[in-house]
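The structure under discussion appears below in the form of structure tokens.
To keep things simple, chains are lettered A, B, C, D and E as they appear, and every chain counts its residues starting from 1.
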Amino acid sequence: MQEIEKKEHKPLIVAFCCNWCSYAGADLAGSSRLSYPANVKIIRVPCSCRVNPIFILKAFQRGADGVILCGCHPGDCHYSTGNFHTRRRMGILFSLLNYFGIEKERTRIEWVSAAEGQKFSLVMNDFAKTICSLGENRRLEDLRCKKN
Amino acid sequence: MQEKLESLMQELALKKIASGEVDRVLAWKKGESYFDVSPAIFKESFDGFTYNAFCGANLSKFLVEETKKEGKVLVFLKPCDTYSFNQLLSEHRINREKVYVVGIECQGKLDINKVYAKGIDGILDIEETDSELKIKTIYGDKTVKKDEVFSVKCETCKSKKLVVFDEKIVLNEMKDNKEKRFDIVEKLESMTEEERFAFWQAELSKCIRCNACRNVCPACTCTNCVFDNNKSGIAGKANADSFEEKLYHIIRAFHVAGRCTDCGECSRVCPQGIPLHLINRKIIKDMNTNYGEYQAGETVTPLNPIVDFKKDDVEANTVVGGKK
Amino acid sequence: MQRIGVFICHCGTNIAATVDVERVTEAVKKEPYVVFAQNYQYMCSENGQQLIKTAIRENKLTGVVVCSCSPRMHEATFRKTAEEAGLNPYLVEIANIREQCSWIHKDIEEATEKAIVLARTAIAKLTLNKPLIAGETGVTKRALIIGGGIAGIQAALDIADAGYEVDIVEKRPTIGGRMAQLDKTFPTLDCAACILTPKMVDCAQNEKINMFTYSEIEEVKGFVGNFKVKIRKKARYVDEKKCTGCGVCMANCPSKKGLNEFNMDLNNRPAIYIPFAQAIPNVAVIDPEQCLKLKTGKCGLCQMKCGAGAIDYTQKDEIVEREYGAIVVATGFRPIKLDNFNEYGYADNKDVITSLELERLMNAAGPTKGTLLRPSDLTHPKVITFIQCVGSRDVSGCGKPYCSKICCMYTAKHAMLIREKYPDTEVHVFYIDVRTPGKNYDEFYRRAVEQYNVDYIKGMVGKVYNENGKLMVQGSNLLDNEQITIPSDLVVLATAIEPDPSVRDIATKLTISIDTNNFLTEAHAKLKPVECATAGVFLAGVCQGPKDVPETVSQASAAASKVIGLLAKDKLKGNPCVSHCDENTCIGCSQCEQVCPYGAITYEEKEFRIGGGKTEKRRVACVNPAVCQGCGACTVTCPSGAMDIHGFSFEQINKEIEAICKR
Amino acid sequence: MVNKNELENINRISGTDVKKCMKCGKCSGRCPAFTEMDIKPHQFVSYLAQGKLDKLLNSKAIWNCLSCMACVERCPRGVAPANVIEAVRDTVARMQGKDGISANDIPPIVEELLPQQLLVSAFRKYKK
Amino acid sequence: MLKIDISSLPLLYEKIASLYPLVLPIKKANEVNYDKYSNGAEVSLFTLKTNKSPKDMFFPQTEDLMKFKVDGQKIEIIDTRKEAQPFVVMGVKACDYKAFEVLDRVFLVDPIDTYYKTKREAGIIITLACDRPEESCFCKAFNIDASSPLGDITTWKVGDKLFWKANTQKGKDLTEKIKDLFTEGDEKTVEKAKQEITETISKLPFSNIDVNALSKDEMLDTFKSDKWSKLSEACLGCGTCTFVCPTCQCFDIREFNANDKIMRFRCWDSCMYKDFTKTAGGQPRPTQMQRFRQRFMHKLVYYPENNDGLYSCVGCGRCVKKCPSHLNIVKVIKAFGGEKK
């Protein structure tokens, strides 16, 4: 029999941040020494509209427990309309995921400007807390990606 | 009734071919039995030409390939097929000049699997009346009311409007049933997350990844689908893990979002009886609720809710898939 | 086989204090393709960079990962380093282990582990990086200036002075803008016309400057260095080349009911008119709404009287297509509409006026020839009350949330001028705050108080009402904790300013972003105040934010210098991280075209081999790499997955996800 | 002494953010009951922002305010002075004990020259 | 010959499942497929046609072949093959049982497919005679007797009883272990039932087709026939027919990069797919007509040519029922003159 690992589950959170606002916001959080959990890992994308739904599913498949998208505030997009597209696409995708029974709280989108280091840290702390309380992602897991 | 429609259609087809206006005709052909109907091209011989309650197949997608060939093709489109036709025009997938569209009457198509489900098997022949099917089987004769065996897509017909045609053959009034369109979606939404998960897990675990839903879908006309493309990182030929079937159906639904006309072909062809149309319909419902009523294929337009936006759209986090 | 080098920066103790750099170095050495790993005190230093260069040469590295501060900080630095060592600059990836790791985590164990994951992710991405070469495009040596106010004029003169051609497009019949309407300017009290008109004349005489007055922007295509702009020259019904500006037509025009926009509608003008005496070009224009000939076909007096034969009733709008290398937007402002402010009685009382109207009433070329007479009965007002912040700093939704910046100064100016010219007049000013930052500004305001005895009342007016021909101004005097009512003869509202409404349309055509108050957004609030996020477009004047004349002129000159810097280049290097289309996969469905904010995607029918010696014509998307800015909107919209973007490719991001999730 | 509870209560009941006030005085500039009030509308806002609870609670003006809402209507910052006054009034009323203010106490504090609150609020209510 | 009340079958399932893993037709989300029995499963033993055939049990749709562990720059190979565990497949119809023979001739000839062989040897197959064939059935055309299938054990449903007969040692051993659930049954009753079935089958519409139609002519003539393009024109290129087919045996080998290992697995492939056997040089069969032709030529011409006349179709009729465009092997056979008058 396999030994059941009694190690506490540490949730993994993948954050997609747009280069111009949210990634800069994360940098500001850093330079202001505003902490957020280490299990939040950031992937830099040019714009939130670069985030393909496949990336989000892929992250869950690989073992992420929560995925968060950050972009410029609507209307402030560096590419002027990118995040408007993101908002619709993700509205549809998140709703669809929930329709499949995946917990609504596992996916989130937040608008964080380059000036909002504080907000970035607050959002990440809050999201990490939410994901912690939800526990491990079971409904979108790929068993092949689990340790065995 | 049905015979009259069929003979009018054939007459028209023959006339158009004789006059040289069209080169060939895309319609349905009867095979081994009454319900065994395949899409087919007719040119010289009209043997097997048929139009009956089992002609569910949407012919519009065949035009993608047909209009690449020489000459003009006459096609018969049911109301819901005309939406797909328009949508394909919007996506520049069909050369309109090479098609002569004949819009035809549709009183709802039937699903032979529902006849089987009534315990009727060994079917030798079927006789169709306006409201009934008289079925001859090796185990005796049976009668079935048509409205008990409507295919899923016709049970909640969204529209009986012919949105595009060069000519139409409609003998009787057609009635839609759009009030019920989102009933099952709403039922699913009212379930808890856990129940919904269980529902879809059970349904999707049947998926054998035969790709019938994709290959029949008039919105899926990519020549190199992401699921066949090794570069995409999600290519796969089988559901090696339960994650993959979810990935496949979520991404497929997302790729046709805004372009899906809700023709219901995906559910019709699924060999495992998965109600795939409920996925697309959820997206349509969400888009209607949040971004304004929209029916893909109603007009020829490159804009659809997924490529469009409003500056005051609702926030993505607030669009909900259903109850907690 | 790839050979990757990883360089880990201590950043003094910024990184090394919380990340065990030695452990990270050892860990990354185990990653596939990594042949070299080293840590160093300051990677960005001269020595650090030298270290990277040496390693690239000695180890024949095919890619470099630098684990250091944010890529927003030093990505460009390290790319240049790599390039100097003969490596394509796009084969460099940065792992952000400072801002996103060492600075936010205290626990060394945790931070080190995260740093390793971030390094691993950057390595994973790097394995898929491709050498990219930035494309080059030529530059059209001509600039377009939208708006012919003082900002546009200044920018045009500066650019022309550097030897480049400039076109000014102005929607009104003359250049000059708002400044031409002003009487005097603060804080020196120069006559506005005296300092503006010479510049206007310079514009007209400069052979490098070409003016399109009474014209609007119809369409903008292209990209930095290569804009193609369609300009609509509205029908003037007067031949610009023939008209001498003699004014005979104006004198003879029987239709005199048109409101004089230049005088803020305070008086009338003929249907054929020259906006004001110093107008440039000094050419008449016919107002088709008022002209009897154009409306009814009967009249034609002006044509008969015109000695130059310049009148042409058959003129049509004309579209001119021009090419430009750079664009300056200087569309200016207007005072807000006061419909939401019934309390001041602007609509009901002729003697409640805006400050810009007062400018015209005081101007020698104005409706009263410079004598201050109140509009209702043309008598001298004895008591004048100014109300500041009308519609500014208003978050209730009626006005504008921002400070309009110029009102304090011009109100002081008005008060002072009135007290100077008509010492028997009593002048009150209701204010909330008096804001006078600027050279000699506060001194100016104090002069109004100390030298000219202007009565400044701290408090706001609640209501203005008419009682027996007097305008009763009721407000609070906060310092005395009183409510006071001042019977006045004239009330002047320091009305908030807002961007000219035409700016929305211009912003859409140029794909530049606009804020909630309709001000255009600069690329960076501090470091790029005149640039736009759209390359090649620059901002000047109030279209970007409230400013006074000196500030506007400085910004215009700044924009001009940016334009000159751009036009001076023969070739522009593009950003190679742009979209591209896999034509074998593309089905030409047009979805991507819909989401591209730059119009970078077009469709072409191309011939493809389909096997068996046959070919097939297919419609496929083509991306113009010079126009594409690399946002990636198309990549997600594309159902076939044909669209991808260099530097952030599908495979790269997937690889990053895989690396991050690896536990 | 600043009583935190009462202050919070007034803030909560008023539902307005007094920190938004930019001290322009437009509320007092428009107030029809200004002369009758011992504390002026803008002072209510200012006192609340500064936490001067005693001044608020001892104010007579809370009974003079007509609740005409002119100050709310005019405020450029979206602050609602009348709501603050109302909140103070409520708080005072609640502090009188469970019976609230007694009928006998009313006549001396009502200014006879001014229309009563109820009347004004009826005007407001039925103006359409 | 043994027998058991149909009403007592749940006891039988429980009993077998307590000995070995038991696989049989189970209804899940309205569809019946072979699945592992567990307590509470909705068994639908007498469903004539499961959507997927039982070939999954020996040749699963996906199957791990091996794993690689990557640690830094080192790679370790892990064998995923396991010792065979005996298991029972119940309710296999004659056609599906015949299909195992077709698969055996592919996987059990040199080089032997060890993955298949292990499962094949471990499997105990309980067949079930058909009692109510459908219009899509045409096993008779391949001389398969649906009334008496082979297998380790054969069962017949007659009235409210299930008759049970062990054929092989494996079957007898299993029967021995569960003997107490049965009573002695009457051979004659079964014989009578068999006769009835045979009669019913002869009434089926496709019973008269002649599968030799395609192999009658020169192979190349059949290949070049212009009938193919007409026959295939409505083909969508989906894999439904191949995935429901009990004899299709093509597979692809792919790799999946999981977090801590790489898995090499095989999965069913379909000759109807346009990326089937795609190589760097492109597709060997670029048109759907060519792919369509390949499938039927393989089943009815090439396979019998290499396997002593054994067709690689067993007439189960699943493709007839499931094809979205109603194209099928019967139409192909008939088009080539395979209709007996």
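The criterion applied here is as follows: a contact is a pair of C-beta atoms (placed from the backbone, for glycine too) under 8 Å apart; a residue touches a chain by one contact, two chains touch by 3 or more.
Given the structure is predicted, the values throughout are model-derived calculations rather than measurements.
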Between chain D and chain E, the fewest touch steps amount to 2
Joint neighbours (chain A and chain C) are B, E
If you tally C-beta contacts across A-B and across C-D, the winner is A-B
Chain centre (avg CA) closest to assembly CA average -> A
Whole-Å distance, C-alpha centre of chain A to that of chain E, is 45
Cα centroid separation, chain C vs chain E, in Å, comes to 70
Between the Cα centroids of chain A and chain D the separation in whole angstrom comes to 47
Chain centres from averaged Cα atoms put chain B and chain D apart, in whole Å, by 66
Touching at least 2 other chains, the residues of chain C are 595, 637, 650, 654, 658, 661-663
Contacts with two or more other chains occur in chain D at residues none
Multi-chain contacts in chain A, i.e. residues touching at least two other chains, fall at 53-54, 58, 62-63, 75, 81, 85, 89, 142, 144-145, 147
So the touching chain pairs work out to A-B, A-C, A-E, B-C, B-E, C-D, C-E
Per the touch rule above, chain D residues touching chain C in the complex are 20, 22-31, 34-35, 40, 42-43, 70, 74-78
In the complex, the residues of chain E that touch chain C are 70-73, 257, 259-260, 282-283, 286
Chain E contacts chain B in the complex at 28-31, 33, 48, 51-52, 61-62, 132-135, 200, 203-206, 233-234, 236-240, 242-244, 252, 254, 256, 265, 267-270, 273-275, 322, 324-327, 330-331, 334
Chain E partner, complex, touching residues on chain B are 31-33, 36-41, 57, 62, 121-124, 137-139, 202-203, 205-206, 208-212, 214-216, 228, 236-240, 268-269, 271-274
Touching chain E in the complex, chain C uses residues 30-32, 610-612, 658, 661-663
